[in-house]
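Structures given as structure tokens follow.
In what follows, chain A forms one complex with chain B and a second complex with chain C.
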Partner chain A sequence: MKFSVASDLFPLLAGVLAALTCGLLGNFLVLRRQSLMGDAISHSVLPGLVIAFLIASTRSPLVMFIGAAVAGMATVILVELVKTLGRVEPGAAMGVVFSVLFALGVLLIEQAAARHVDLDAECVLHGQLESLVWYDAPDSIDALLSFKAFANVPRQIWTLVGMLTASAAFVLLLFKELRLAAFDPAMATTQGFNATVLHYLIMLFVAGATVASFDAVGSILVIAMLVCPAATARLLTDRLGPQIVWSLLIATGTAVGGYAVASIVPAWFGRDAVNAAGSMAVTAGVLLSAAVVFAPRHGLISRVVRRRLLASKVARDDLLATLYRAVEAGGPIAIGQARRLLAGRSPSRVIARAGRLGLVHIDGDVVSLTAAGRAEASEVVRRHRLWEHYLVGEAGLAPDHVHATAEQLEHLDAAPPIGPASDPHGRPIPARDR
Partner chain B sequence: MIAPAAIAEVHDHLPTISEIIETMTFRAGYNTTLVIAGTLLLGVAAGVIGVFALLRKRSLMTDALSHATLPGIAIAFIAASTLGYNGRSLPVLLVGATVSGVLGVVCIQAILRHTRLREDAAIGIVLSVFFGAGVVGLSYIQRNHSAGAAGVNGFIYGQAATMRPSDVALMGGIALIAILSSLLLLKEFSLVCFNDAFARVDGWPVTVIDLLMMGLVVLVTVAGLQAVGLILVVALLIIPPVAARFWTNRLWLLVLLAGAIGGLSGYFGSVVSALLPRQPAGAVIVLSCGVVFSISMVAAPARGVVATSIRRLRLRLRIAGDHLLEAAHEERAPVISRETIVALSRVRGWPAPFRSLMVFLLRRGGLIAKAANEGLRLTEAGVERGARVSRNHALWEQYLVSYADIAPSHVDWSVDQVEHVLSDELIRDLERRLAERAVALPQEPAS
Partner chain C sequence: MTVAYHRKPVLWDVDYDAPPNKLIAIVGPNGAGKSTLIKACLGLVPRASGQVEFWGAPYRKARSRLGYVPQRESVDWDFPVSALDVVCMGRYRRIGWFWPVTRSHKQAALACLDRVGMRDYASRQISQLSGGQQQRVFLARALAQEADLYFMDEPFAGVDAATERAIVGVLRQLRSSGKTVVVVHHDLQTVPEYFDEVILLNMRVVASGPVRDVFTRENLHKTYGGRLTLLSEASEAVARAASGEGPSR
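Let's look at the complex of A and B:
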């Protein structure tokens, strides 16, 4: 399928703009554990729209915007009231408020329909991306650059551009405050700016973004974009600045990818394009799943790999330390004994790998340390005994209680402060010989 | 546009009294009666099961669950139609809904277990992504199977009107099963809700019981999809228990009340929807729940806002009165001048109306009386109360200093809060303990 300026540019642009706006604000929702406020607000925008329409009897965008924004803020305040005055659990409070408001909206729409007013509830959910057609779109680059071309840009685009600019300015100007309030609201308040006020400001912007976006993309994409890009970015990095940048990149990728999938994939099977907003939400989910699996530090794969590496290092350390102690006690160690020690940790593989690394020497039935193995083993035993000394001397544990703890601590790279020449059991602490 | 969701035989005029009575007493035609009975059962089931969801703090997880049913419905429809069956057959669609709803819940659990994301984000992700997938499916159906689109779309906002008797029977049957099984398992469910660690130690299969609870939530959600719609069905699970919670602290009563609120809302919603034009049943049901909720939150005697604030005000007034008596006792001034009260109010931050109310209550309680010269004086009872409060203050202060190792200069403020609520038993205990340590005790007030 070919990209056409007239029918594809604006839907795509609206999707990207909405994704960027919601993705940006979503960072603070996800950090403050309020992702679902976006959900609540976008449900309860419905009665706001209808009431604004019934009062002003016009579909002028400004009136709709004000009605929806008022409903959004009312949701935030009502949830807070139910939570604090009624002492209702936060999740339930949110559920009560938004479902009642949404029901009110559905009822009011039915009433409005009686007066032959076309307010479309489905459209609130799915949006009408596909309807953003650029009538008499310019057919050449030159015409695109003239002012006349902008006259027919749909107002949804302008609204979104405005909202994105406002949100970006908000985040840039108050970045320091937002960051502090996101991580430690109490401290933010003691630092002289009110975290509660900031909370309501964020909610105001979320309500604004919801209202500006849902007209074009539908509330379901708003919810997806408020949560998914920020959540995905949160898996990729631990710092807020990079997280925001990532979330914006992901939001853009989601919008573009989702739009492309919606129009291209069905075409392969000779079918019509499917709903683009829904497909963007699914793309957001796919990107998130990818991050869950492949993220560099917090991903499933990297966590499994790290755990495996650690487990194999621990097993090797234990093998070497046992061999070292056997030498200390005056005898070589039989391979069966080493196996028993490593039971449950695939002993043959651990021993074979240590052999390949040149740390142990296997001679028939006997395992012994090589020179390199001895150096490494003495380092492990040294750490073990230093930790035992530390635990008895500094932490006040009884000498017969420290072995198990030291057995775990010995695998850490960090060693305790230098101790005496022997451990609490009177065994010598090996000197560092590298 | 929304599918017309008012019940089939729509009246265009206001209903007459006899029509209202007929509808309300289940005599308004077979279909209408069936729908009313069905939503009533559904409401009871949702209310009862919702209690356990609320106690397990899963209210919003049910929201994700109900949204997550949409792709299942769409896929079930497409699969059935492609295989040549009737895609709109309700059991087929509900099986699809159940599978994808459960899958959604599993995804939430997986996100919680395997990533650093919190519950709110997990719920938001599953809700929006699954619903997005459902929307994609619906748009596919709309463009490729236009015949079935209306039937499937109805699941979003509910379509009690177009339900067939067999659909209603299915819904009512599921609801009945859910009610019966949760009543049978009431003991197990309450144990797991209130203390799952204890239940585990005591040898109960906690995980199985928990899964059963979740399974019943899934059942009720799926049963309610067609009548109420998937966005609003969570309201039936969330609102009745929360509303009932304002009235009682006992579990069996909570279950009973929540079931009653849900059932009444279901009944009322479908009756209104049957009688008046353009009243979608789902929305009316949820709004009736909302009305009951608002009334409960404001007026319930146990935990309602009015009752709570009255209780709180009375406690504050009693404490303020105690402070006044204590101050009078400590100044050894049986007569309290107006200036003393005003000065004390400034220190304690009592606004003028509060002050007047406090004085009024003290006079009514016979603790103070009007003195000859415009001022107030303590009565005998007032002197005794002042002395007792003052002594409690001293006792608790001594206790904190000698047992809790708090510096004498730091105890006054916290004692100020506690002195009013010490029970007689505690006072005797304090006296005994302090006597053991040979701490000089304040004088017992002369009575």
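Let's look at the complex of A and C:
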């Protein structure tokens, strides 16, 4: 499969532009936990488009935009109404409103089709990326960059460029206001940044992005792009600025990757290219799943690894502390005893690892602390006994009730408050030797 | 002033004139309309009747001189911002529409974090802070507003002892610099110690005025009705207020 300017450039460009526009605005939907609103708007603009078309009998972008914007605003208002009057949760309100409006749109289309009007529900869902063929495409790079070539750029591309520019300007100019209104609407409103107005502005842009993307990429890709890039980016960072940058990179990657997959993968099996918009939406889902598993801090793998590391540190601390107490009591400790202590926490591995780290010395059947192990063990026991002292002295617990709690607190990074030289049971609290 | 939700009034005939330069507590049982009173003052919930004036002017004109600390649970603490970002939000009205947050505003915000003992946590994402630390970030954000009159909704709810001390310290600093603070408060015990004035609220204003005159067993009984367990806890506090141990300056 070779990239051809005539048949591939515009579909790819339209995909990227739509992905960027929706991905950018999607950040604010995800932040407000209103991703479903993107879904709702992109479905319920359909009747708006049809009605606008029936009234004006033209598919000019301006008419379509006005129809969609009105429908989008109506959706937001209807959702609010259903939510407050019907006393249902927001998700249910959105679900009710958009399914009814979408159904209305389908009915209207059928009625229009009966009168031989050119509207197609299919292309609303899937878009018609592949139809964006550049008929007299220039054959050299020089010709591509000349003014004459621009005359043939399809309307959909210009609409998308306009919408992306407008959305980018909107987010750049109102970044701090949008962030405040999403985080704390009440505070925003008391400060004179009316959160409701800002909310409606976002929805207006979402409606606009939906229409602009619609006839190129279809509503499935619009919904995927409003949610997936932002949700993926949210897993990769804990700051809004970087989140937005990530979401744009992911949106671009999704569009390009999805387009490539759509044309390349079927060719391996000797089949025709599949729907590019659908393939982009699937790619978006795959990237999101990958982030859920592999994200550096919030990902499943890193969470499991963190938990494992903590568990093995706790087991090692417990082993060292037990050996320390055994020395205190005057006896060495048998390996079997250590195993029983660590029952259920893979004892052999914990002991072997402590041995590799040079913390314990294993001599036949007896485990003992090395110098390094003794230093670390005394720190653990010190924490444990200081916490016991704190729990008895400050939290008012009985001395015979504090061991289990201290057993957990000793593993914390937070240092216990300093205390005397002996614990509530009269045992010495080891001094800090580092 | 009267406020209603779904035609059911939640606040009736509230009439109160806040004295300047005081720490004022709003106390009352659950559902008494304490938060609603604050929100109605700030125009966040519509009023059914009556009016609220700040220094003789309507709310719109007084916006820049008003600070608001909402309940901690009212926002999403998983939001991708740092503590410093949140405090900077207090400067937004000064910065105005469209302009970005400049270095000098960040410095001012850092100074506010410092006043609540949270400077070291400036770059932490807010979900990594404890509840008390989050409350202090909210307080720092209010300080960053440099308002003259503050409304705080349950700033002491569920905070640790260190945070409670920090908040009380800040409240006293605010008073000594001539500010007025209205606080929704739930702990009757500490009313005489922390506050100068008190509004006893249970859908109506049961009583309002200086703690020493108003914070009496009889008034509390009227406010809380038959909830005697609460009252027995409060009676100790009332006794302290009466003995003049009250608001320390």
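The criterion applied here is as follows: the second predicted complex is superposed on the first by the 433 of 434 C-alpha atoms of A that agree within 3 Å, B and C clash if a C-alpha of one lies under 4 Å from a C-alpha of the other, contacts with A are read in each partner's own complex, and residues count from 1 in each chain.
The criterion applied here is as follows: a contact is a pair of C-beta atoms (placed from the backbone, for glycine too) under 8 Å apart; a residue touches a chain by one contact, two chains touch by 3 or more.
This is a predicted model, so every value here is computed, not measured.
After superposition onto chain A, partners chain B and chain C are found to clash with each other. In the superposition on chain A, contact of A:R234 is made with both chain B and chain C.
Once the two complexes are overlaid on the shared chain, A:A182 sits against chain C while remaining clear of chain B. Once the two complexes are laid over each other on the shared chain, residue contacts for A:A277 go to chain B alone; chain C is not touched. Of the two partner chains placed around the shared chain by superposition, chain B is the only one that A:V82 touches, whereas chain C remains out of contact.
In the superposition on chain A, A:L226 makes contact with chain B only, not with chain C.
Comparing chain C and chain B on the residues of chain A they touch gives the larger count to B. Contacts of A:R33 after superposition: both chain B and chain C are touched. Within the superposed three-chain model, A:G285 lies in touch with chain B and out of touch with chain C [touch as defined at top].
In the superposition on chain A, no contact is made by A:I429 with either chain B or chain C. On chain A, the patch touched by chain B and the patch touched by chain C overlap at residues 33, 234. By the touch criterion given at the top, residues 30, 33-36, 38-39, 43, 82, 85-89, 91-96, 99-100, 102-104, 106-107, 109-111, 113-114, 118, 120-122, 125-126, 218, 220-221, 223-224, 226-228, 230-231, 234-235, 262, 266, 271-272, 274-275, 277-282, 284-285, 288, 292, 298, 300 of chain A touch chain B in their complex.
Looking at the complex, you find that chain A touches chain C at residues 31, 33, 173-177, 179-180, 182-184, 186-187, 189-193, 234, 237-240, 243. Contact residues of chain B toward chain A in the complex are 1-2, 5-6, 54, 57-60, 62-63, 111, 114-121, 123-125, 127-140, 143-144, 153, 156-157, 231-232, 234-235, 238-239, 241-242, 245-246, 277-280, 282-287, 289-290, 293, 297, 303, 305. Residues of chain C touching chain A in their complex: 39, 42-44, 63, 66, 68, 70, 74-76, 79-82, 85-86, 89, 92-93, 95, 97-98, 100-101, 125, 127, 141, 145.
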